[in-house]
Every structure is written in C-alpha cells, then in structure tokens.
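Paired with subunit B in one complex and with subunit C in the other, subunit A is shared by the two complexes that follow.
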Partner chain A sequence: MNTAVKKQVQKEDAMWLQKELINRNYHELATAREHNRKVSATFVPGNLNELLMCFDFARSLPETNALQNGMRKKSGKMIMDAERDGHSEDVCTYVKADLGMMLQGQVGPTGDPLPHPDILLLSYTGCFTFMKWFELVRQKYNCETVMLHVPYQGDGKVSPAMRDYVVKQLKEKVIPSLEKVSGVKFDIDRLRQYMRESVKAEENLVRVLQSAKQRPSPIDGYFGAVYYIGPMFTAFRGMPEATRYYDTLWAEVEQRMREKKGPVTPEGEIAEEKYRLVVEGPPNWTSFRDFWKMFADEGAVVVASTYAKVGGVYDFGFRHDPERPLESLAEYCLGCYTNLNFPQRIDMICRYMDEYQADGLLINSIKSCNSFSAGQLLILREVEKRTGKPAAFIETDLVDPRYFSAANVKNRLESYFQMIKQKRTAGAH
Partner chain B sequence: MKCFIGIDLGSTTTKAVVIDESRSVLGRGITNSRSNYDTAASIAKQEAMVAARFHLFREALAKGGALNGGLEDFIAQLERDFRLEQFLEQLADLEQVCGRNVANARFGDAAKGVAAALVEVFKRLREEAPTLFAPGAKRKSDFFRDIAGSRYLAVSEQVAKDAGLRYDMLLNVFDRSIIEVENRVYADAVKGHLLDALERTFVALPGTRKFAEKIRNPIQSVIDTALEETYVVGTGYGRARLPFSKEHIRSEILCHGLGAHVMYPSTATVLDIGGQDTKAIQVDKHGIVESFQMNDRCAAGCGRYLGYIADEMNMGLHELGPLAMKATKTVRINSTCTVFAGAELRDRLSLGEKREDIMAGLHRAIILRAMSILARSGGIRNEFTFTGGVAKNEAAVKALTGLVRENYGELTLNINPDSIYTGALGGATFAWRAVMEEGKAAEHREAA
Partner chain C sequence: MSTKENRVTEIISRCSALFEDLEFGAVKKWKAAAPGRKAIGYMPVYVPHEIVHAAGMLPVGIFGGGDQLEVIQGDAYYQSYICRIPRSTVELGLTGRLDCLDGMLFPSTCDVIRNLSGMWQIMFKNKYVRYVDVPQDYDDAVGGQFYIHEMQQIREDLGKLAGRPVTDEALRASIVVYNAHRKAIRDLYAYRAAKPWQAPTAEVYLLLRAGCVLPPEEHTRLVHDYLAACETQQRPKRDNARVVVTGPFCEQPPLGLIKSIEMSGCYIVDDEFMLAFRWLMDEVEETGDPMQALSKAFLHRSAQSSSKYDARKEDKGRFLLHQVKSRGAEGVVFAAPSFCDPALLERPMLQEILARHKIPYTAFKYAENTGQMAPIREQAGTFADSIKLWSAA
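Up next, the complex of A and B:
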C-alpha cells in the first residue's frame, strides 16, 4: 500500500526552463497591447510559429490554454459556464474550456489576462472541430480569420500538387493577411533564420524521444513527452530559447541514459521498468498526475506515443528546411499526426511497438474528441493482429474533470498490466 | 490440509472459494459486501471454510458408510442446525448490543419500556428461530442482516403495539446495533457450533443416534483437521482493501477469465455482468486473457440496473426474471441509462403495457449493452461462458441466447449454477498455481 506522505514535486532543469518560457509567453500576451504588439491565435497541429514570428505577433494557442487550465484545475468551471451559455455536453472540452475562459473575463492559466486576438490563423490539419471553434471565436471578437486548407492524407501520401496547393495559399492568402493585420512586411530571410533554429531544436527533440528505445527508458514518452514537446509545438519553435531548452533537455536525458536511470515522474524516479507501452490518444489533463502515478506505481513506462507527434512527426525524418521555407511549412502541415489516415496511424503504432520493444498498446480514448477517437477500436484490433501484443482501451476526457473516473481507470490499467505479465509468463513456459 | 483460497470483493457481494491440492472445490462462501470489505472478506472466507468442512464431512461419512442412503438428509439437517447455532449466537450478540444502545439512547422516560420490549422481542425471536431453519423453510436471503432484520421488524411491531410503545424507537435501536453485529467475525465459534449442531441433528433425526459414534468420530476428525490457509488471492473492486501484499492480488479480469476456463476449459469468450461492471473477456486455451473490454464512464446496463428497476417496481430482485419470463411480447426499451429506463418504465406502464412485457424489454436492453461491449472486445467465439450475478436471471439468459444466435449463429453457451463464484474460483486457482507451480509461500497468512 502506498504511503500517504506528500512528496515534493521533482523537476529537472529543463522543466524549470520550460516553465519560465511558458510564463514569459503568457506575460508577453498580457502586455502585448502596451507594447503595441498584435496577437495571433492558432492551434498546435500545423502551427506556423516561425511564420507568425516574422510578423512580431504575440502568440496564443487555445488548446494549450485549455490544457494548462485543466492541469491547474480551472477547466471544470469554465466548461460548465460554456454549457450554461448553450454548448452541448458532447462538444470538445478544449473548446468549452476556451469559451468558458472568455466568459470568465479572458484570464489565462497563469492569472495574466489574455488579450483578444487580432487574427485567427486556422491551419486546418484534419480536426474539423478547430474550424468550428474559430468560427465561434471570430463571432465573439469579430477578428480577422485566415484559413489554410491542408489536404487530408486520405491516400496516405503527400503529392506535389497537395504541397503546391498549400504553398499557393501561404503566398496568396496567409502571408498577405498576416502582413495586413500586423503591418509588418514579410521577410523570407527572417523565416529562414527561425527555421535554422527550429532544425537544431527538432534534432534534439527527436534524440530525446528516441532515447526511449533504450532499456530502461530514461524518459516517459507520453507523460514526460507532453512536457518535452511543449516548446516545439507551441509558441517557441524557431526561438533560440527553444534551442537552448532542447540542448539542456538532451544533456539531461543523455546523462540519465549513461547512468541507466528510468524516467523522472512528479513523485520521483521509476526504479524498475516493468512494462513498456505505446499509447495512442491525448492524455487526461485534469488528473494528469494521478493518471501518471497509476502507471508509475506499476512500473509502466510509455516508450512512445502518437500524441507526442500531434504537432509534428519529426521522428520519421521531417525537418523544417530553411532552403525551401514555404514548401517545408507545407510539408510540415501535411505530415501532422492529425492529418494522417488510418493505415498510416496503424503503421506508425506498429513501427513504435517494434522499434521501442513495447509490451503492448494502450488507447486512451477521449470522450469529446471525435477527431482522435473515431476508428480507434479498429486501430486496436489491427495492431493486436499485426504485432501479437496485447492492447487495451480506456476512456477519459481532455479537460472535463467529470469524465475521469479514477477508480475505473486504475482498475482497467491494473488489469491490463497483469494481463501483459500473465501473457509474458505464459510465453516463457 | 493445504487450502488455496480466492476472495472476490464485489460491489454487492463478496465471494470466497477454497480448493485443495488437487484443485477440487472444497467450499464456497458468500456474504454482502457491506461498507466494510475487511469484514466481508473474513466472513466470506469463513463461510467457504465452513462449506469446506461440510464437504469433508460428507466424504468422511460416505467412507464410513454409517448413513447408508441417509447421508444427504443427514448433512442437510446438520447444515441447517449449524446455521441455526450461528444465527442464535449472532442474535444473542444483537440483543446485547441493542440493550447497550437503549441505555445510551435519549429515550427519556420511555427507556425502561423499550428495554423491556427488547427482552420480549428477543425472546420471541429465539423461540421462532428453529422454524426459520426448518426443512423446506424459505428465506429470501441467508445473510444475518436480512433474516434478523425482517423478523425483528415484524416481531417488534407487534410487541410495540401490545406495550403501547412507539415502534420507531425499537427500529432506531436495531438500526444503531446491526452494523456493529454484522461487522463482527465469529471465527472461533465455528467448531463449537458444529458440535452443538451435531447434537441437534441427532435429536432431529433420532434414527441416526444409534450410529452416533460412527458419525461423531469422522466428524470430529474432520473438525480436528487443520485447514491451512496456504495461499490467498484477492480480486474484485475492493481488492485494494485486502490486507495482502500485491503478490496476493489479481485483477478481476484475470480471475474471471481463469475461473471461466476452470469451469469450462473450452471457453474462448467470457461475459461477466456484475453489480457495476460488464466485462467481455477473450481467453486463450489456457485461460490466459488475450483482451478485454469493460463499460467505462458509466455503469449503464449492469446488475445495479436491475436492482433499481426492482425498487421502482416494488419487487424483489429475484422476482424480475420470472416475471419477464411470462411476457408474450418484448416492449422496446431504448435507454440503458438506469435512471432513464425508470422513466421509460413508467411511461410504458401508463400506456397500458403489461408489466411482464416491459420487464422482458428491460432485460433485452441490458443484454444489448453487453452485446456492444462484447463486440468491442472482438466478438463472441465458441465456447461462450456467461458469469456474474446476472447469469442467474433466466430472462437475461433468454435475451442473451437470442441475441447471440442472431448475431453469431449457434454457439455453446455455458452458464454454471455457481457462476457468481467465477472470480473467486479464478483467484483460488491463481493461489494454487502460485504455490504448486511457482513455489511461492504465503506472505500474510494471518490476513483476512
């Protein structure tokens, strides 16, 4: 039985650096008006951070705001406020947390006020809800909205025509709109410079994520990785600060690899790696620590997750290319995890299962996220069939605390871990 | 002798199964889970151990041959007499606790009257007790709380009326006292009760007295045989409450999968509908779980659904199935949400639908939900084993049989009369494997 002694949360240097980055960004947003800066809002998958930086925008990411509010236990009330305002129970809870935050006076997760956006940049990479979300935000603030339509990889590949179509929109629609709203002229060399920084950070992020191939894995590729992807997937990619963050992070992880240490969790280090898992689906944010603890207590380490690729699939080779800046932005958007078709998602998971020597696949299905959840059971069956490894399915929610039933989730997880153990023992006989 | 014990702490009932070295089931025990899993585990285990003794009595007496032809009647009488002894001890305990609670209650001037009434109530309860355990006597439940509770209510109402006392005062005393008594474990008393019961049995079956020694000796030798708790494995919702180390705890998924395999070795798919869970489990030919699915986020369509409906209909849970079996058609009930189903039920009643036809619809609704979870887990394969409390409900079984045939064709459907013990049997088998195959020793033999 676990002791009830409350331990100090363990944080590494990179985590402090990241915290600083996040706080600074919220501060920049809060003071944007004072400094005469325009504010952009955009989503994580397909986010064109380097491009937005070319126009000096202070950058807000609504899903990140929602998940930060979720982790700070603020989203429940926001969601209820949004529901009272007329939004149905089944709507994406990121959306409702964001709308609820607006209703509460647009105070961000850190307590700093969030300014109204001047432009909504919708990089449409497979999630239909994003479009509706910005439609609601636009209605509220009557601000400029620009939509970059990224064709879905229905056939599992990116054709030159698809890429050209995105580049054309960037040239003819997105860049002119950003110029108009910001009053800043587009400078492609500035974009190239940011991209050079991006590449350095991307290299290190991939090293960090792939360190989980080692036994024991020095990182958790899901609970830990959601921190590691933070700067890359949000407002910092292309900044020297992000590059520094990934340098520090990689140095820490490398050190752990050398020392053959397991991942650090908020409760401490995982002493013995008993189960190696691949996870599909976003995490639950409102009970994030409890959720992680359910894995850590059992010695379960997530070695790879699809969610850690939601803002860019870098581990399969993609890098921003300063020599082909617009083309590479287009390729980045086209290759986001949310823009992949089912066979691609299945292939990716099977590849992870193999390369990371995983014991099984766990799907965390999100009640209010149709974009991720549709077809997940088919993915589960196919992965089971191809890999012969056991898979399990649990259901929680992103930021609605009402849909995280701790006892049930724990019960399913324990059953799953024991099932893996039993199969392993049986296989050894 | 070595005993391997599995305890399944369910949300409604706690079950225990004891098996021996050859993996034969020696005994099963069940009790209500109360809000106290520790006690429930102890009592269920004790009940299973008592059942194990009776199993051994039967074997020993059969071997001796003294009761040629009359063995089953004798054992049945002995068991009733043993239950009576147990009941009387708990009743005496209840009387004492009630007496103490009257003294502490604020009944003012009425206190004396209440105390006197209690003496009378318990006198009558003691007197009528043998009839409760007479051959053929019907009890709705075997749990002390239920038997003593229903009789106390009836008797005290009459006593209060005769004495001109307020009935609610007597009820108040009972409510304050029953939890304490219910949560007491009478483990030490078992041997004494068995010997006392034996004397009662000789009185009840005078013909057997002439073989008294031939009967007493094997029984005494069974009583003297230490039933060693070699290894205990706990499972079920309350398993985290068991005072065992992690090694002694298995998830109910694994236990139900293995339990079903032990009962029916060709089992490929298991459906378990319990109080708050519906589980669909796929097992391989060794009983090892390959995949599972459970209801998440919501307990719609679980056993509690039927409990709620029974309350709505003002019926006993056991009466639902038989009523539904009288249906001439199945009224469509769409909702598997327990509360909405209650609303649908009243709506259909107001439209003039017959109760039995609505009941058939409700049973179909619960099974439809299970079919969806089964589909999620990979469908139904042959053989298909249905376990859990709901497997005892004939209307649920009928609905399941129909839907399985419709969707998967002809399959072998296994339902064991002891299916409620599937999880505990799986646990006991894990305990057996731990010792006999993995060479483990018990870490907490004193536990539970």
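Up next, the complex of A and C:
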C-alpha cells in the first residue's frame, strides 16, 4: 500500500537553499585556481571546517563527492575503473569512487572539474580507511598531507591526555601546515567567530533532529536527515549561510510539527506513520530514492539514526565552544559516532529506541565499510535483548550499485514490518 | 636424549603441537606452575609486550583459529564480507578456550580489531579488556607523550590486576629479556635469508608461533636451539626463487599455504608473519626511563606496516624495499587476507613502488581456513618460474 501522498517532487525552501550551497561550493572548487584559491580536502567525521575557513581554502570532501556521484549513478563506473587500476574488490567503495573519479579526469558530480587538492587534512577520526585513502591520493597526486590522529574512545570516554594530544597536533602540525600551504596567517579570533556561527546552526539542527520525538514525526531521521546534516557536516558549518539554512529548516519543521504533518519524501508526504524505526549504518546512495520509497510506501518513518551523527553527536550536547576553540575542535573530533566504542554505540541506539518511542531497530550493513559494519550483528542482539524490540538486518553498499539488490531489501523490509505488527498485536493482548 | 640430527624435528614437532593446541595447554601449564600467575592475550599487530611481562604475566598472541577450528558461533557475529580472524577469535572466546586468559589487549590495527575490543567488553564482562592506541604522529613531544600515557594506563591496569605496581626496574629487566628475544628473531631471519634451504619457512613459522604461548625467555632459547640444530644437518639446496611475502601480518594463512609457496619453487627470505616480534627493529634502551625507551623505539625504529601511517610520501614502501634488497630477494608475493582493508588498500601503493624499482610481484588473497591450495601453488610456481627465466635472460 502506498501511504505517501503522491505529488510532484516536493522541495521545501530549505532544500533549495541547500542545493544552492552545494552548487556554489562545487563552483568555488572548479574556479579555485582562477581565483588563486588553494584547495583542501578532508573527511566528514572530524571535519574541521571552521579551521579550514580561517585559511581561505576552497573545501572539498571526498566522501561527499563519492556520495553525490553515487546518487547521480556515476559511481559504478568509477569503482570499476579503480578496480581495473589495481584496487581490490574488497575495500571501501568510497575510496574507489574517489580514485575512479580522479582517473576519469577529476570531473565532479555537478559536471564541474575538480582541482587536485593542495592539502589533504587527514583527520583520522573513526575510520581506518581514511589513512590509506589519503596516502593513496598523496602517492598518486603528490598532495601535501597533514595527519591529525584522533585517538579512539576505547574506554568509552575522552581523557585529558587524548584531548591534549589532538590539541597539540592542531597547534604544532595542522595549523602550521595550513598556514604554509595557504600563505594565510592563523587568526584565532576568526576561528572563534566561525565557531559562534556554528553553534547557532547546531542548536537548530538538534531541534530538527529531535522533532522526531513527536508523533507523528515531522521528519525522517535517516533519509531526510542526510539532507539536514549536509551543510553541518561538510563545507558550510560556521558560515552565516549555514545558519540561515538551519533557521529556515527549523521554521519549516516547526510548522509541520504544529500541523501534525509527517515527513516529506521525494514522492510526497507520508500520510500515516505506521512504524517508527531507529536505523544504524549509512544509507545506500545509488538507489537512494527507491530505498526510501520502500519505507515510505509502508508508512515507516525513521525517527533516529546513527548515521546522522557521523559528523558530530550534537544531540547529546556537544557544541563548538568559541571560548576554548582548539580544545573544542579536539572534542568534536573525538566525539564523532564511529569514534565511539561499541558499548557507547549500543547505549546510544537503546537511548534512541526509548526516547523516540521506536518500534524497532533496522541495521543497514554496508559491505565495504568495516568501521560501521564489523560487529553490527552484536549490536543487533544486544539492542533486542535490552529493549525487547525487534531488530532486522539488511545488507547494501554505499556507492557500488552491484551490491544493491532491491528485491532482497524489499522482501526483508516487508517481513520486518510484519514482525513489528505481530509483536504489537501480541503486546496488545 | 636426542641426537643432533633429529633435534630440528624434535623442536619443530614441539612447536607444531603448541600451534595445533587450540586449548592453550602451554598457557594453562605456565599459569599452574606458580600460584597467582596471570596471562594476557594480545591481537596482532603490536602491543608493548614488555609491560605485560614486567607485571609478571604471560603475553599470549591470539592469531585466530587457523584452519583447524570449526567456526560456528563466531559466524553469527560477522557478515560474510568481514575477514576471518575476528570470528574465529570470538569462537575461541565463546567456546571457553580463552578462559585461561585474564585479559585481552586489542591494538589499533584496523577498525575490525578496534570494534572487537568493544565487543569483547560486552561479551566477556569479567575480563580485563583494553584497546591499545598507538600514535600515528611520530614526534616525541606529541605522539610520544600520548603513547607514554597510553602505556602508563596499561601499566597501572596490569599493576592492579597483578596486585603490585609494575616498577621501572621490572620494566627495564623485561626490556633486557625482549632485546634478547628480538636479537634471536633477527638472527633467525638472517639465517633463513642466508640459507633458506636449511631453515624452511614452514619450520620458521611454527617456531615463531610458539612464541605466542611461551615465555620470551624460553622462546629465545628455543630459537637458539633451532639455529644450532639447523647447522648440524645439511639439507638439499634448490634453485628456488627468493621472495618476500608481504601482507599476512594479522590473519594468518594456513600452514599449508606457506608450504605450498615453498613447494612451488620459492624460498621465502622475509615476511610479515608475527611482525609483533620484530616490530621494534633493534635494541630498546636498557637504562634510563623505560617508558621513554619503549616510546622512542616505537616512534623512530619500528617496522612499517599498513596499519601505520607513513608521515612522508617518500617513506612508503621503504621497509619492503629494504626487505627485498637486504635479503637478496628476487620478487614479492602479496598475500592478503580477504576483506583486509589495511593490506588491500596498501597493496597498490607498494606495487607501484616495486614496479618503479623493477621488482616483480604477484598477488593473491587467502583466508585462515583456505582449503584449496592448488591455485596458489600454481600461481606461486608460475611466478617462481618467471623470476628464474628473467634472471637467466
């Protein structure tokens, strides 16, 4: 049954604003050389956007390029090109999509050419692959690389030694390298100013994400949230434009809350919220709309997801702190979702299940992402055990279309929704 | 009393028995020999063994279940696209085989082992579990300071577990023990490279694996014994190709695979098996502050592996090239566990460097329970033949 009310493809104001931001950023990257601007590349988790802005870099995020290429159905060929160039079929497909894009002449997702970065800020936060990814790019394109090693929260906490280590690297390694490559002197007040701006946006992002606690939820906390986190997790946090985006977004969501409306999907509005889910793991990008539709058609709304926390766990209280700028950047990096240990990840999911009154947990396991995937079956068992709610497991890939089997995923989802229904009926007796 | 001639066989059968004993009898025996003894497991690649040893404990290398363990429960914890070592390690744990361990150290080798550290905390609640972070910044005042702090934490934890603090004296004494161990392993590698027909890798490998469960002092003696025994018998020298095997630093190939490479006409003259024993490449300072000494050795004189960051582009492949040149190798075999991100992401970078240096290579993947050796034997054989043809041309 189709519970999404069919309309023309819907786009809200915030959506347009975001599109504009993204296009502008790709344009800035494409014209960076003309404008004598240096280009940086860094990763989404531990993305030090405010710091990079202090040096006037045009900012590229290779994961975002890969996902954008995935959504535009361009990544399959890129991955195959990278495999033909000697990369294993077993490794992270983001890396291969990026390297494949470079092999194809470095044309970005919007069709604009992307320059090779002048500096790779290797923010080594929460994923081993990052390290090899930038080593690979460095080897091929000779880019200057600066490592920021962010220790893992093995004990489930951030110790002062961990924070000091990151701050020290920022002071002694990262900032001097960024100064050298950009030719711009570091100004801590400029950093503070960007961070002040970040906080405003962060407040609104959290409001938006937490609006899903309401019934019906006005947003989808996974499929919708990947748009909502876009500006925050990429090249825009700290910019007044991002603040404006989150103001607009929050106003729209607030309005939907007041009107007790469900989330807007690309196919229309979800008329009836039948299932409330928590999702763990990144989405699939190559069939993103079909994937979302499988949920929307069944009236399944994702009320919270861990993926929406990869670039910062703001909903548990973290905010950039302009009074302690470098310490705060360190804490931000240390606190990203995949930098949390397993007990923390499980606690977080259980907390979402409770606070967002979810019916169950769905894990989308990504074939080529060890950081997320290794151990997810234990997460599934533990969450089921602790919450008594049903959990289910599907397997896809981020940007490799070969690993998205629509029929399989649909089947799994259908039986999962049946299971939730049965459990509910049993609970009602 | 054994004759000199069969001493090699005797040593290797002992090592083989230790290797095959998935019940860790040697660890249990060591613990039972004195009251209150404790054993701490560690996963590949590297943890500072000296601290465990200085706490009076036995460091025990856990390198998966090999091809003899039937993995049933472990498979329920891992998708098909994750390597084998975590699932067989979970199997070892869930079947009680690791009950003899009082704790586990999980180094920051990759995200799989990293995540396993947290899983272990959940699954084995009454055991000591620690994730061991190592710095990817190699300055004494930055990465070094962090690393010393990490090691200090392990030192304090193990001190508590042991019921007495780990003193500087004890640490210095352990550094002496491990320096001797490292020297023995270096001698072993040098001997094999000089006379690979005398010390086949299938034997060297078993000898190394014995070091996972024996105290370092005893293992050092065993390595010396083996080296001495090797010299007492002459084995036939073949016209094999000399190769370095790179990639198997974590999940181990089955012994049959190592034998297959050798039988196909290759002499393995260097490798990455049990890199933990050779991680610190030379003597660690035996006097002064032991934590500083361990840190400096790690930062400035440790092996390169794909789980470590190469701070400069020029550093990439240096270790492998050194292995090739110093051992007189004629080619490189990339043997990586399936789904192993570190080894497989590193591979194209190393291959490019080898190509630049005109060093031939071949590559394949394996799993710890790979059963079919014929394709690997064939591939390695073709590779060995091509090297020989090349050198004859």
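Assume the second predicted complex is superposed on the first by the 422 of 429 C-alpha atoms of A that agree within 3 Å, B and C clash if a C-alpha of one lies under 4 Å from a C-alpha of the other, contacts with A are read in each partner's own complex, and residues count from 1 in each chain.
Throughout what follows, a contact is a pair of C-beta atoms (placed from the backbone, for glycine too) under 8 Å apart; a residue touches a chain by one contact, two chains touch by 3 or more.
Keep in mind it's a predicted model, so treat the numbers as computed, not measured.
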Quiz item: After superposition on the shared chain, which partner residues are touched by A:Met195: those of subunit B (first), subunit C (second), both, or neither?
Solution: neither
Quiz prompt | subunit B versus subunit C as contact partner of A:Lys367, first or second or both or neither | solution = both
Quiz item: With the two structures laid over each other on chain A, which partner does A:Asn408 touch: subunit B (first), subunit C (second), both, or neither?
Solution: first
Quiz item: Can A:Ala330 be said to touch subunit B (first), subunit C (second), both, or neither?
Solution: neither
Quiz item: Between subunit B (first) and subunit C (second), which, if any, makes contact with A:Gln422: first, second, both or neither?
Solution: first
Quiz item: Which of the two partners, first being subunit B and second being subunit C, lies in contact with A:Asn142: first, second, both, or neither?
Solution: second
Quiz prompt | In the superposition, subunit B vs subunit C on subunit A residues touched | solution = C
Quiz item: What is the contact status of A:Ile394 with respect to subunit B (first) and subunit C (second): first, second, both, or neither?
Solution: first
Quiz item: Which holds for A:Leu377: it touches subunit B only (first), subunit C only (second), both, or neither?
Solution: both
Exercise. Could you tell me which stretches of subunit A are touched by subunit B in one complex and by subunit C in the other?
Key: 367, 377, 395
Quiz prompt | subunit B residues touching subunit A - in the complex, by the definition given at the top | solution = 237, 240, 250-254, 284, 286, 288-294, 296-297, 376, 378
Practice problem: Flag every residue of subunit A that touches subunit B in the complex, lowest number first. | Solution: 1, 367, 377, 381, 384, 390-395, 403, 405, 407-408, 411-412, 414-415, 418-419, 422-423, 426
Quiz item: Can you list the subunit A residues touching subunit C in their complex?
Solution: 85-88, 90-92, 95, 122, 124, 127-129, 131-133, 135-136, 138-139, 142, 145, 147, 149, 151-152, 154-155, 159, 161-162, 164-165, 168-169, 172-173, 341-346, 365, 367-368, 370-371, 373-378, 382, 395
Quiz item: Any idea which subunit C residues touch subunit A in the complex?
Solution: 76-79, 81-82, 86, 106, 108, 110-112, 114-119, 121-123, 130-133, 135-137, 139, 141-143, 145-146, 149-150, 306-307, 309-311, 313, 316, 336, 338-342, 344-349, 351-352, 365
